[in-house]
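For reference, the structure discussed in these notes is given below.
Labels for the chains are A, B, C and D, by order of writing; each one numbers its residues from 1.
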Amino acid sequence: MAAEARIKRIGVLTGGGDCPGLNAVIRAVVKTGLLEYGFEACGILDGFEGLVKDRMVKLDYQDVSGILTRGGTILGTSNTAHPFQYVEHDGDPADAQDLSDQCVENFERAGLDVLFCIGGDGSLSIAHQLARKGLPIVGVPKTIDNDIYGTDVTFGFDTAVQIVTEALDRVHTTAMSHHRAMVIETMGRYAGWLALVGGIAGGGDVILIPEIPYTMENICKVVEERSHLGKRFSIIVVSEGVKLPDGDFVVRRRVAEGYEKMRLGGIGIWLAAEIDDRTPVVSRAVVLGHMQRGGTPTAYDRVLATRFGYEAVVQAVAGNFDTMVGLQGTEIVAVPLADVADRQRLVEPDCGLVRAARSVGTSFGDGAG
Amino acid sequence: MAAEARIKRIGVLTGGGDCPGLNAVIRAVVKTGLLEYGFEACGILDGFEGLVKDRMVKLDYQDVSGILTRGGTILGTSNTAHPFQYVEHDGDPADAQDLSDQCVENFERAGLDVLFCIGGDGSLSIAHQLARKGLPIVGVPKTIDNDIYGTDVTFGFDTAVQIVTEALDRVHTTAMSHHRAMVIETMGRYAGWLALVGGIAGGGDVILIPEIPYTMENICKVVEERSHLGKRFSIIVVSEGVKLPDGDFVVRRRVAEGYEKMRLGGIGIWLAAEIDDRTPVVSRAVVLGHMQRGGTPTAYDRVLATRFGYEAVVQAVAGNFDTMVGLQGTEIVAVPLADVADRQRLVEPDCGLVRAARSVGTSFGDGAG
Amino acid sequence: MAAEARIKRIGVLTGGGDCPGLNAVIRAVVKTGLLEYGFEACGILDGFEGLVKDRMVKLDYQDVSGILTRGGTILGTSNTAHPFQYVEHDGDPADAQDLSDQCVENFERAGLDVLFCIGGDGSLSIAHQLARKGLPIVGVPKTIDNDIYGTDVTFGFDTAVQIVTEALDRVHTTAMSHHRAMVIETMGRYAGWLALVGGIAGGGDVILIPEIPYTMENICKVVEERSHLGKRFSIIVVSEGVKLPDGDFVVRRRVAEGYEKMRLGGIGIWLAAEIDDRTPVVSRAVVLGHMQRGGTPTAYDRVLATRFGYEAVVQAVAGNFDTMVGLQGTEIVAVPLADVADRQRLVEPDCGLVRAARSVGTSFGDGAG
Amino acid sequence: MAAEARIKRIGVLTGGGDCPGLNAVIRAVVKTGLLEYGFEACGILDGFEGLVKDRMVKLDYQDVSGILTRGGTILGTSNTAHPFQYVEHDGDPADAQDLSDQCVENFERAGLDVLFCIGGDGSLSIAHQLARKGLPIVGVPKTIDNDIYGTDVTFGFDTAVQIVTEALDRVHTTAMSHHRAMVIETMGRYAGWLALVGGIAGGGDVILIPEIPYTMENICKVVEERSHLGKRFSIIVVSEGVKLPDGDFVVRRRVAEGYEKMRLGGIGIWLAAEIDDRTPVVSRAVVLGHMQRGGTPTAYDRVLATRFGYEAVVQAVAGNFDTMVGLQGTEIVAVPLADVADRQRLVEPDCGLVRAARSVGTSFGDGAG
C-alpha cells in the first residue's frame, strides 16, 4: 500500500443486487473527486458488465446532483457478470471465459487511475482478483444483509431494517385483533442480521436466523403458550436463508417432492403452513421480498454512504489500493480486500443483540431463553 | 325509519378482517354518544362472537382516548362467527345452528337500545338479518377492498392504497437498476380497486384486476416492448382475486395438480414465474399480504372514520335503523342495509380511473389502450 | 364552449406556490397528449413569467417519465409574475405594465393550440383573463389550502393534511409526557381546511380557523379544564390566517408596536405565548411552514393529479376552453373559470366536518360544543 | 464497583425532555428484570419529582407490553425537579431546598435495591450526586442532541435525525421549484450533531453548528454563487444553539432591543430575515421544534434503547453502580457517572463527518472547504 498516487481520472461501478444508498456513494465519490481534488470522473455501466463491454460515461457535477435521496443506482448494475468466468446473457455456463484481461485493457484505454467498486461479497471478491492483476481498486461494502467482514455495518442495512420494522408494526395490530400467528420472511441468505435487528425493533415473539438451529416444537410451544396467557397473537420473523428443521433447504425439498421450483414460496410460507397445521392458531405469511432493497435510504444510510464515498477517495489518493473502506466504531478505516474476500460476518449466537432479544422475551426457536 | 328513538345505552362491535380506522370509528361512536348525548356505551367483544356468547364491556371516555391513531380494534373481531349459522371453534360446519335469538336476548338483557355494526359486506349482511329480527342497527362500512355498495369509499382503503404505493415506489428503484419485471400482489378478492388505485399512484406499467380479462401474451408484449424501448423494467400490479387467464383459480388449479393448498403462492407468484419463463426478462414477486390491513390509518381514513362514527350516532338518534352510513360526494348519508347486502361495488371497466390509467400508458393486459 | 378543437401542440405551465402533485399533473397532461392524441407538448418555464419572456421547452415522453413521485415542478414556477400587471424582478410596483398582448403573441408564435394552466386562485384568475383575450385555456386547480371554488378538493391538500397529521402524532407523545400545551401552526391564509382536517386526523383539542371567531378565554378554559381532569396536555392547531381575537392581524399589530416585520413569528407563536402567560401550563409552538408544500405526494394526490391532467386534455379536445377541471363527488367535471375566479371556498362553520370534530370533544375556541 | 448485588426490587425513572425510545428502555429494563431475574419492578413518576414526592407504581409485564413503538414515556417526566435544589411548582427559586435525603428515604421505604435513571446530562448529574449519597444507581443516556460524554450515540438521536432529514427532503423540492433560500432550524442547544448529521443526510448546502464560527458574508456568498451557477435554491440547516455572528445570543439581543422574549423566533427566523435582506434571494424559515422529540422511534433507536435497558440491568446485577451504560463501537459498556457528569461531547470541527460534508460541497459558513 501507499506512496501517493497521481490520480487524474477515477472510475466507479456498482455491482450485485440493489441496495439503498448506492447513489449516495456514487455522489460522494464523484463530488469529492471533482470538488476536492479536481479529478475527472467516469461511470462504468451495469457493474462489471460495463468493464468487460467497455460501456462508460463521463460523470459531471450535474449528473450526481440530486441523487442522494434516490434508491437504485444511476449506473445500473448486473448480478451476473463475472470477468473471470464471463458468460453471455442466456449463454451456457459451460462456455464461461476469463475476460479479465479485457477489463484491464478497457480500464487503461479509458485512462482511469483508480476504480471504485461498490458491491457485496461477490463483487468485492472480483475486485480483489482484479486488484491482484494490477488494477488500482478501492472497494465500498454494500449489502442489506450486513454480512461483509471488516466493517461493523454496511450501508443499506439500516434502511432494510426500518422497512422490516414498519411491516412488523403494521402486521402487529392485525395480529392483536385477530388471534393470529403471522410469519414475516425477511431477506438474509446466509446471515440473520436483518431478521434479528428488525425482529428486535418490531418486537418479534420468535426470531429464526440461519445461525441458530430451531425446532417446530419450540416455535409451536411459544405460539400456544402465548395463546394460553391471553396473548391473542404471535409474530414470527424469519430470514429467507433459514433451512428446514432437519437442515434441508425448503426449495430443494419441494423440488424433490415434485414441485416446480419457481412457483413455490420459501421458508416463510412453509412455516405459516406448519404452524397452521400443528396449532389451533390461524397463521399467515408476509414475504417482503425486494421491497427491502429499494427506495430512498434512511438518514443513517445516507450519511454512512456519504462517508464511505468520501473516504474511499481519500484512501485512493493515499495509494491504499486493494482495500475496502469499512466502519469500525465511529471511524472509517481501510481494510485489505484479501481479509474480506470469501468471508462472511455471521451473527454470533451468544452476542449482545441475541441476549438482549432473549431478555425481553423473544424466543429463537431453540428452547433456550 | 324515523320517529326519534329513546336511546340510553349503545352497543358497538367490529366484525370481519382488520382494517385501519376501526378504532377511530369506535372512538367517534363512543365519544359522540357520551359527550353529545349522554348515553352509556358498551363494547361487544370479537364481533358477533361476543353477541352470541354475551361478552361485553362498558366503554368509558378513557377507554377510547388515544386510540385514534392505532391500527386494529380494541374490541377484537372474528371472521367466522355467524349468528344464523353458528359453528363452534374447530366445530363441524354441518353442526351449524341459528343462534340469532340468543343474540337478540343478549342484546336486550344488556339493556342496549342500538347496535352499531362496523364491518364489511359479510358483517353488514348479518346486521341486516338481525335488523329484520327487530334489532335497532346502524352499520358502518369497512373494508380495504372498497367494494361495498352505497358508499363512494370505505375507510381503510386509503391507507391500504398508500401502503401499496409506498411498496411500488421502493420496488421501482430496484427494477430500474436491474432489468427486472416485478409483480406486486395486492389484496382485493372480488374488486380491483386497491390494485387499480395503488397501481395508478405507483406508476404501474400493467395493472390486472378481476373485472378486466387479460392474456399472458398481452402482458409479455408490454414487458418485451418496454425492454426494446430501453426501459429496463416493468412493474405489474395484480389483485389477489385475479384468476388464471383461462378463468380458473390459481389455488384450485394447483390443488387439482396435486399440490398442498396452504403451501402455495397465489396469482402474483404464478405470474412472475410465467413472465420469467416466457420472456428474457427476470421476474420476481412481492406479496404484500396482511401488511395492507394493519397499522395506523392515513389522515384521510381517520377523518372518514370519525365522520362515519359521528353520523352513525346521529342516524340512530333519528331512528334510522337498518341503515348504513356512507359517503356520497362530500356528504355522509344513510343507505338502507337492504340495498347494500349481497351486492358488490366493482370497478367499471371503462370508468374514469381506468381511462386515466390507460392515458398515461398503463396496460390492463387486455390489448386495448 | 365546445366544437371539437384541432389541436396539434399543447403548452403547460405551473403558477404560484409549490404543491405536491404538480409533476403528476404535468406528466398526465403530456403523456395523454403524446400517447393518446399524438400531440406535441411544450413546457412554459416559471409560470406566467415564461409566457411573458418566451421561455419554453419541448417536452418528450422521457422528460415526464419518473416524475410522478417527485415534489416540486420540473417547469419551475413564479409567485409574482402577473401578465396584466407585470413588474420586473426587484422592480417598482408603480411601474407595472400590461404584457398580456406579449403573452398572446408568444403563445401564437410557439404554435400552441391550447394552454394548460395549473395554479391556485391567483393563477386561475389570470388564466381567465387570458382566456377572455382569446387564449384557449384549460385550468387545473392547485393549492394545499383547498379553497378553490368549483372542486370538492384540490390536489396537494391530502399530502399537506398528512404532513400536519404526522407532526401532530409526534407532538402528541411529547405533550402527553410533559404537561404541555403545544400550538401547531399550519398553512391556510384564508380558509381553515388544512387546520380543520389535519386537526381532526391528529386529534387536536382546540382547532382555530379563520372562519370561526374565538376568544383567548375559551382556549385557556379548555387547556385548564383538561389539566384539572388529569389530562396532562392540550394540542392546539391553528391556521396561519387566524387573526388576533380582536380581529387585527398579528403581523400588523406587531409592526404597529414597532417590531420588524420579517423577524416575527405569526399567530402560532403569539398563541403559545398567551397560553403560557395566562395559564399555569407551559406552552410551545411548532411552525410547520413550507414543509407542508413539498415532497412526494400521497397516493390520493397522485391519483387526483393524474385524473385532473387526463381530463384537462379531454376537455381541451372537446373544445371546452375557459374552464377548469374539478372533482365533484367521484367525477371530474369542467367548471367555467368565470365561476371560479375571485371566489373562495371557505369552511362553513356548521358543516359536517366541524360537527364531527365537536362531537369527539374538539373545541373551536368559540365556547360552543 | 462490583461485588454481586442482592437485588429483589428495581426502580426506574425518566428525567428531562421527551426523547423517542424512552418507553423502549423502560420495557427492556422491566422485562429483563421480571423475566430474566425474577425481580419486582417499580416505576417512579415524573422523573425526580416522583422520587421527592414518593409517587411510585408497580410495573407488571402487562404495563410494559406494547410500548416499544410508542413515543413519550409511560412514567411521565419533569424537566425541572432537582432534588438538591428543589423548588415547588410556581415557587420562588430563592426558596430552593435540598430534598435529597427525602429521596433516599423514599427509595428505602419503597424497598428498592437499584434505581435506573434514564436521562440527559442534567438528570445524569443528579443521578451521580444521589449515587454519592449511597443510592445504587445505573444511568441510561438519553438525548436527541447526542452530546453525552462516554457513549458514541444516544437513543433518540437517530429518530430526530430522520425527522430533520424528511423535513429537508420536503423543503428541497419547494426550494428547487421556487428560487428560494430555505432555513431549517433544528434542535441542539450546545452541540451541533443533529444539524450536522441531518444536514448531511438531507443534502444541506450550508450547515451552521455552535462549534464552528461563521459569518453572514460567507453564507450569503454561498447563496449567491449557487444562484449564479443556475442552482435555484439553497438549503441552510442551523442548530437552535447557534449564536449571532458576533457571539451574542439571538434572544438576549432581541430582549435588549426591547422585544418580549416569548414572542420571538430564534436563530432560524433571524437568519432567514438576514439572507432575505442581504441577497436578492427570497428566504423562508421552518422551525421544527418539538416535532423532533416525539413519536415512534426508528428501528435503530428501538434496538439501541432495548440494548441499553438490558445492559443496565446486567450492570446492576454485577453491582456496577454509579455508572451509565454507553455504546462504544458495537459493544455496550459501563462508564463511571463521574466521567460523564458536567461534560459534553461536542462536534470536533475537523472530524470525519465535517470533512465528508465539506467534500460533497457543504459550507459551514466559515469560508473554508
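In this text, a residue touches a chain if its C-beta (ideal position, glycine included) is under 8 Å from a C-beta of that chain, and two chains touch if they have at least 3 such contacts.
Computed from a predicted structure; not experimentally measured.
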Next on the checklist: Along the graph of touching chains, what's the shortest path length in steps from subunit A to subunit C?
Outcome noted: 2
Next on the checklist: Going by the touch criterion stated earlier, list every chain that contacts subunit B and also contacts subunit C.
Outcome noted: none
Checklist entry - How big is the gap, in whole Å, between where the Cα atoms of subunit A centre and where those of subunit D centre? => result 31
Checklist outcome for this item: Chain-centre distance (mean CA atoms) for subunit B and subunit D, in whole Å, is 42
Checklist entry - How many angstrom lie between the CA centroids of subunit A and subunit B, rounded to a whole number? => result 35
Item to check | For subunit D, residues contacting two or more additional chains | outcome: 169, 172, 176
Checklist outcome for this item: The chain pairs that touch are A-B, A-D, B-C, C-D
Checklist entry - Quick one: in the complex, what on subunit A touches subunit B? => result 14, 17-18, 22, 70-73, 76-79, 89-90, 163, 166-167, 169-178, 182, 232, 254, 258-260, 262-265, 269-270, 272-273, 276-277, 280, 284-291, 293-295
Checklist entry - In their complex, what parts of subunit C are in touch with subunit B? => result 27-28, 31-32, 35-36, 68-69, 152, 158, 161-162, 164-165, 169, 172, 197-198, 200-203, 296, 298-300, 302-303, 306-307, 310-311, 313, 328-332, 352-353, 355-361
